[in-house]
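Can you read through this structure? Questions will come right after.
Going in written order, the chains are labelled A, B, C and D, and every chain counts its residues from 1.
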Amino acid sequence: MAVRIQSEPLDPGAELTGFASGRRDLGAVVTFTGVVRDNDAGDLQRLEIEHYPAMTILAIEAMVTEATARWTLGDALVIHRHGPLAPGDQIMMVATAARHRADAFQAAEFLMDYLKSRAPFWKKEVTRDGASWVAARDEDEDALSRW
Amino acid sequence: MKVDLVYFAWVRERIGLPRETVETDAATIAELISELRAREDRYDLALSDLGAIRAAADQQLVEFDHPLPGVREVALFPPMTGG
Amino acid sequence: MAVRIQSEPLDPGAELTGFASGRRDLGAVVTFTGVVRDNDAGDLQRLEIEHYPAMTILAIEAMVTEATARWTLGDALVIHRHGPLAPGDQIMMVATAARHRADAFQAAEFLMDYLKSRAPFWKKEVTRDGASWVAARDEDEDALSRW
Amino acid sequence: MKVDLVYFAWVRERIGLPRETVETDAATIAELISELRAREDRYDLALSDLGAIRAAADQQLVEFDHPLPGVREVALFPPMTGG
């Protein structure tokens, strides 16, 4: 199990290659990669991600611990970037490995839902016209109720 | 007692600084927020809508009625947008 | 959208790197990788995967078409190996890309459930003691009922 | 009419060959299977339990009551185990 917060670029392909490699007991590996989407006007210059360093890893480790209590996981990985990102950049990724696919899928979805609304990150969109903070979405908060 | 306060995102921008230490006798985080709002307009502007604010006490998410005594660091920020 | 059937080794990391790359409109990429698990006795020598070449790609393309009708996907990829595989080898992978994570996750799970029970592959386990065909699992068949 | 038959996995192993062409007047795949079972024990052994068999007509999964006329290739195999 590993949690990393970094400003450096994220290489999901390389992370997947290294994740749970050499394990002969885990039949299922799921990854989720979050990518910076351009805005509807197509003029997003960058996304700036702020976080709460003293809390971030603690909060995500608690989510991973909860996921391993709920599902039978062989390994889990969460990487989240902060700082400035461009459209098309990878913001974050989650990887889960389990004997069976249902555990790997559900744990990855659980971690994503909690990361969206309970990990201390905030996103600011910068365009030619200025900067604005991304508002939390009701549907992201609602997604937590299924767990 | 002394409490470290840290602010993030537009709460930080409206208050105009990322962290400070305050002297307070507030019993809860809600009382602390009331004291802050009474200090200056920029605090009032940042913290007037509690529905738009979240709080952490010593890096744990808490409700506003969380007791303040014993807490070393209080964080105030908008709803999180990770992922 | 792409479907590939191959006997060559599969490199999920490299596939993920190339998948939906350069897209600024897709915020969510999900991958599933299936790995050959050793058996409980720990003596699996190899898994032999047979398939029905004339049908395999047709069947999987139909699943991908169905997935794109049900969810808003920007891209999808299915790769499945056949022939002999060793424990720890990657058998197959699915990748989905969408604006939002719910579509990417659900489409990937849908494709996995259908690949398990409706794509014409058969697995034979070879151990020191001989060879036996892997039986279909009731829970894999039952998983289809949720879609 | 002539129909190409293809077999996979243990159906192929029990019948002892991967493909063959047969001459048949069967109206459905179920009737074709009955004809095959009557031919030799190895067919009977392979195809006796229809619950353990699946069929495809021209590369499409079908039920056993699927009409045979017009079909060029019938595949018989155990439940699939992909993924």
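Basically, a contact is a pair of C-beta atoms (placed from the backbone, for glycine too) under 8 Å apart; a residue touches a chain by one contact, two chains touch by 3 or more.
Listed by chain with UniProt protein names: A, C = Molybdopterin synthase catalytic subunit; B, D = Molybdopterin synthase sulfur carrier subunit.
Here the structure is a predicted model, which is why all the values come from computation and not from measurement.
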Cα centre of chain B to Cα centre of chain C, whole Å, reads 48
Could you please state the distance in Å, as a whole number, between where the Cα atoms of chain A are centred and where those of chain C are centred? 23
Any idea how many Å lie between the Cα centroids of chain A and chain B? 26
Scan chain B for residues touching two or more other chains and write them down. 83
Multi-partner residues of chain A (at least 2 other chains): 34, 101, 112
Examine which chains touch each other and state the graph shape they make (line, ring, star, complete, other). line
Output every touching chain pair, sorted by label. A-B, A-C, C-D
The residues of chain C that touch chain A in their complex are 11-18, 20, 22-38, 87-88, 99, 101-102, 104-105, 108-109, 112, 143
For chain C, which residues count as touching chain D in their complex? 34, 50-52, 54-55, 58-59, 80, 91-92, 112, 115-124, 133-136, 140-141
What residues of chain D sit close enough to touch chain C in their complex? 6, 8-10, 56, 59-61, 73, 75, 77-83
